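Shown next, in structure tokens, is the structure this report addresses.
Note that the chains are named A, B, C, D, E and F in the order they appear, and that numbering of residues resets to 1 at the start of each chain.
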């Protein structure tokens, strides 16, 4: 319960920052820091004290199996610690970073909301719970990428990120639905017991993978992550390197034990991971913006993690957890470090960042340490974890997939060494044009406090990377509990010096090749173009919109007659289909009728045709009145005098209304407008005309039960006190219909009055405008 | 009596048919109005005849309404003609 | 309890009649609020009763026994919809009053609005096909007047489309009712199921299709929806908010009745196909637009598609999901239109070309938009997500994979268009042409903002209280599927 | 519009009176023979239409009816009150009650409460006709001669 | 149902539908009137047999009063609709000088854009590119 | 006595009705045969009104109930009052055409 409260506290601070403390964001940020630290503390104490993992279920929508289930197992502890400690560092850093930025309020609010969601995500013990926080992180990430919403790049990138992760999330949703449908549960533990197999399970697994891939920017969805770098540095550091992108990895880690053996799973994961690793590495070597280099390196490292968790062997899982931690630490340090340089120099161009050596030497050294950790150089933590990864893959026995994974990782490692070295190179090199930097420097005099605050987290990250490296075996033992939470067999250890083995040899070769490539790699490569993935995304987006327009243009032409035509056609389909099912048998039910009925009907028919043929509007109205009179006669003949009287009166009034409206319209300007083709109209009219009486005939023939009117006859005189049954129905048995009817009549009158008033007002306005213009 | 009523109704139907013919034929609004007027008269006549024959008071109600409305219709048309001619 | 059932219809009508006599604007406002709130109170009492006892409340108009006279029937679905409708209409009224535009000052606005409310309540409560038609006429006639309240060029044009197509709907509906009477000899919901079941296949199908077309026009399903996006955007925003939120849902409600009570389970494939194509076509329309009101209008159609799809799947699970969707969607859609109304009131435009940078100007407005928008797009933990997921699960358990696939893609496209509004109107530089002044958007129009906030809060309540609410929906769905229960409740109630 | 004095007299003296009588008669006996509030209201409406078409202000007993909206509201109220009153005495809405009253000279008369409902209908119908005449007729006719541009 | 009623219904519905597809609002209103009459005849002709007026005390077979009551309601509602529609037409005339329904402006715009994009070969309209 | 009376009544009403119907036919022929609108108007409204009156009296003889006879009377009054008004206005509207 305490950790749930911790999650809630995040959101509380978020709301506070967005609404209550809009003018004092720093206070809100401090509150956030307290919450983050508190969360870390809570998680640690919960984990240490408990013998089994503490667990909490909060019912939400039990009928659909929607419940929040949290469990603080080892893996969750590590992840939660990462989230809150890195969050603490980044938030502290951001106070300085956003010193003069009006968006800080928004940042703090969204940041805390994000941190809360992320904490919820990693603590989730249930696919469904995870999904909820998963989607929330997408939304916060969207809003954070677009924090500087005046920049078009930021807006576009935010949209791409949201739509990509959103699409993945929807796939995941279907996957969850399938699993829940099949196995009645979404809990990780219960699903593992259910051991889903079969077609449905592999479809579900694939859908979940799509979710994970989009979130963790795996091929082919890797494009959005570099774009997300449009966000301010703290956002990039936290969301897009250390935490949110790990959500996909968390999902993989949690589900690998469930689906690891469902055939497609391992192939999918390994292939996507390897390709991503290579593409990310390649692009990281070519970018000139240091932040983008880091972004691509993140993509590449995520590929590595994907492979590790996807392979799903105990060792690989252990290695995955270890590398996850290592990556989070050094990557956060790197991003924040680049932020420091950016803050200092006003540029992130790799050919210029060398100048930072002079102004922020401590930070640059710290960045260097982080880079070495990323390259996997002894004695930094990154070395130990990467070694473990290689060992795990060398040990794993997965045939072709295993080999692909192994050599993929080897190739990927070459890249990671190479881009790390390239950045190192950039840092130690003295840039050509230092003049402009000095100038920039001049008007960017930050206070000492700010500089210290900015540098501190970077240094901490570097120190931790180094410290964990030296204490690899201790840290390794800490990691046993997390990885065994995922897979009970995943018990292993880390070592700073593993001894000479295949993995070490491979590493040495990798480092050698990578270092050479990285050092030689050009820093001023300016072949930067829009990445393929983004272009594909934009093309798909634009094509969707264009296609939608074309379809809409056909379906929604804006022409009333066409709408009416379509509707009428549908109206006639109903009776016709009925006739085709039942046949034309009911036609034999037609009687010849009396001569009087015949003559009245003929008069009505002739007049009705006249309405259609005659072009004059008022004559049409007259004919309509004639039709009405004839029909009144018909009613009279059929024993409906009430109806006949009302019909007569109403028809007369109708003519009067037509007169009142039309007498003004005697001068009508008819414009040449596109009309509905005559022949189509006639066809539709004929269909309706044939279809409906046929249905009427069939319906009449089908009557078996007596009419409800029996009751009316029986009760009319004694209980309702009237002999005219029609009237008694109108005012008593079905008086409520009449009630509604007079309301309709009244509103229609109000509508008429309203329109006339509107006309008067508009006319008055027009006249006064004219007068003003005249005077 | 039945024969007489049948003859009467036959005559009235004939009159009605002629009236309808006048209306349907290409004619001016005024002519149509007159024919319309006449048609209501014919209808009233037939109602009265049938009412007398059947001794049914209900039909007389109809006749009352119709005789009230008959000339409202023609007055309406007249007003329309005036409005139209007035603006031309 | 049964004596209270009729009050949500009668109270607004009495108020409307009173307001024709009392023409003072402030008196009208007071009467309106009193009427709506007291209706809400009675409707809530009925809802609570229905919830607690699980019974069906029946009011017999005229006190006639049996089912030959008119009855008002408030089962689970009806009672909850009446309450939701009254909540929505009350808040929208608050919005309209706060709008300070001439349209509310028309002496006819309040009475007609009350009639609209009465019509909506009556449509939900009608236990009789013809009475349902009359209720439709009341609400349609009122909507015609509200739609053309200002009587300007755009409103007349779009009003014409709306009026003509809805008149056709009325014609089809009354024709269907007449033919159903011809075939069965009754129009009471309690008598119809048995008699309809006894009809020959063809007649049954024909009558069923006619009803589907009639209600389909009102619910704006493909291919009968075209009137909606052409007419709602020009209406006064307080009117279009109610229309968007409620009127189409009345159509959906009737479709539910048709599919569960009158023609249980028949033609469900047709309904499903219609639902799927409606959601797809609707959303395609939405992403092609460049005007907020039109985007939102097309979304109504798309969302209706979801509900119709759920209805087509049939069965207790899917119908419960449909009911939940219905309940969630009414306030969500209304609040989106209200937000749009605030924007339009402040900037004078609803086109994405003219509006931008609102998040900077009014963060609260941004939040008020974002919550329902994300709910509409199906983001957890908002109500829209639950509704959508419930439907998806219903579809999956019925193995309607194509439908579910379309639903998912449509969901993404919904997100696309919501993002389009967000990016266009809320992000970016503050448009120089906009009329927003420095005081802030919401401070000026406090009651508009309050109304919107109440509705948004209501959507959040739906999300938080989803557990009991969904339980209620599923009980209502069981009630719908248990036709005998309905029949005996109507026939035997005192 | 009617210039002839005699015709004006005819309308005033005869038509209006006869028409009103017929309307009231038809309304009252609706429960037992064809007629009722609708028909009666429409007949009285038709009389007003005639007065209007003859160029006069619709009047009853030489008193012009100036505020049809109010009449509309009152008619609706009457119908609604009849509908809702039984609720207060524990009945169902619209429930009808029959009272037998012995009047001097006329004898026993059955009064059915739903008759009041019919009166409500009658007033509504009359008011609607009057409103159409006032608005679409008089006021609409005054502004309809040249089309204004829709602006404003 | 007699053959005459059948034909009359057919003609009324056909004529009504035909008129409904017009652009002139007055003609549309005429169509509504005609089709409304068609519906009324339809309900009476299919809902009950011919008979004596349903007034208790009259001799002979009385006609079914329920369809009559329904149609009576329908007639009055139809009148209300028609009145409003004609006022709409009148108002339309005071604005545009005619009573014809224009096409929806926004829809036309989409159509035009769709046509343009079709011509340009899938290049989207500049306004449609996401921003 | 009764028989004679009723026969006499029947004959009377038969004559009245027949002549009324004949007048209606005459006027309907008139609207086809006469030359100008104005002439047609005069030629038709008068016989038609008279026809109605004759029929009304003819029908009235068949009724015994006071209220029914009163109804016939109302028809007659309305015809007598209405016909000239209608004719007058129509005449003015049609003008000299």
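By definition in this document, a residue touches a chain if its C-beta (ideal position, glycine included) is under 8 Å from a C-beta of that chain, and two chains touch if they have at least 3 such contacts.
In this text, all values refer to a predicted model and were calculated from it rather than measured experimentally.
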Once the contact rule is applied, which chains count as partners of both subunit B and subunit F? D
What is the graph distance from subunit E to subunit F, where chains are linked when they touch? 2
Please indicate which chain is farthest from subunit E, where distance is taken between mean Cα coordinates of the chains. A
Sort the other chains by how far their Cα centres are from that of subunit D and give me the top one. A
For subunit B and subunit D, what's the span in angstrom between their mean Cα positions? 26
Distance between subunit A and subunit C based on Cα centroids, please, to the nearest Å. 25
Please compute the C-alpha centroid of subunit A, do the same for subunit B, then give the distance between them in whole Å. 70
Whole-angstrom distance, CA centroid of subunit C to CA centroid of subunit D, is 36
Which subunit E residues touch at least two other chains? 20, 42, 46-47, 53, 55, 66, 70-73, 76-77, 80-81, 83-84, 86-88, 90-91, 93-97, 101-102, 104, 106-107, 110, 114, 128, 130-131
Two or more other chains in contact with one residue: find those residues in subunit A. 155, 159, 541, 545, 549, 552-553, 556, 558, 560, 564, 568, 641-642, 645-646, 649-650, 652-653, 656-657, 660-665, 667, 692, 696, 699-700, 707-708, 712, 723-724, 726, 730, 732, 734-739, 741, 743-753, 755-759, 762-763
Any chance you could list the residues of subunit D touching two or more other chains? 1, 22, 26, 32-35, 38-39, 43, 46, 49-50, 53-54, 69, 72, 76, 80, 83, 93-94, 96, 128, 132, 136, 140, 143-145, 148-151
Going by the touch rule stated at the top, which chains touch which? A-B, A-C, A-D, A-E, B-D, B-F, C-D, C-E, D-E, D-F
Quick one: which bits of subunit F touch subunit D in the complex? Just the residue numbers, please. 74, 77-78, 81-82, 84-85, 88-89
Residue numbers on subunit D that touch subunit A, as the complex places them: 26, 30-39, 42-43, 45-46, 49, 53, 68-69, 72, 75-76, 79-80, 83, 93-94, 96, 98, 110, 112, 114-115, 117-118, 120-121, 124-125, 127-129, 131-137, 139-141, 143-145, 148-152
Subunit D touches which residues of subunit A in the complex? 641-642, 645-646, 649-650, 652-653, 656-657, 660-661, 663-665, 720-724, 726-728, 730-732, 735-736, 738-739, 742-743, 745-746, 748-750, 752-753, 756-757, 759-760, 762-763, 765-766, 769
Parts of subunit D lying in touch with subunit B, wherever the complex brings them together: 1, 19, 22, 26, 33-35, 39, 43, 46-47, 49-50, 53-54, 145
Subunit B residues within the subunit D interface of the complex: 57-58, 61, 64-65, 68-69, 72, 75-76, 79, 82, 87
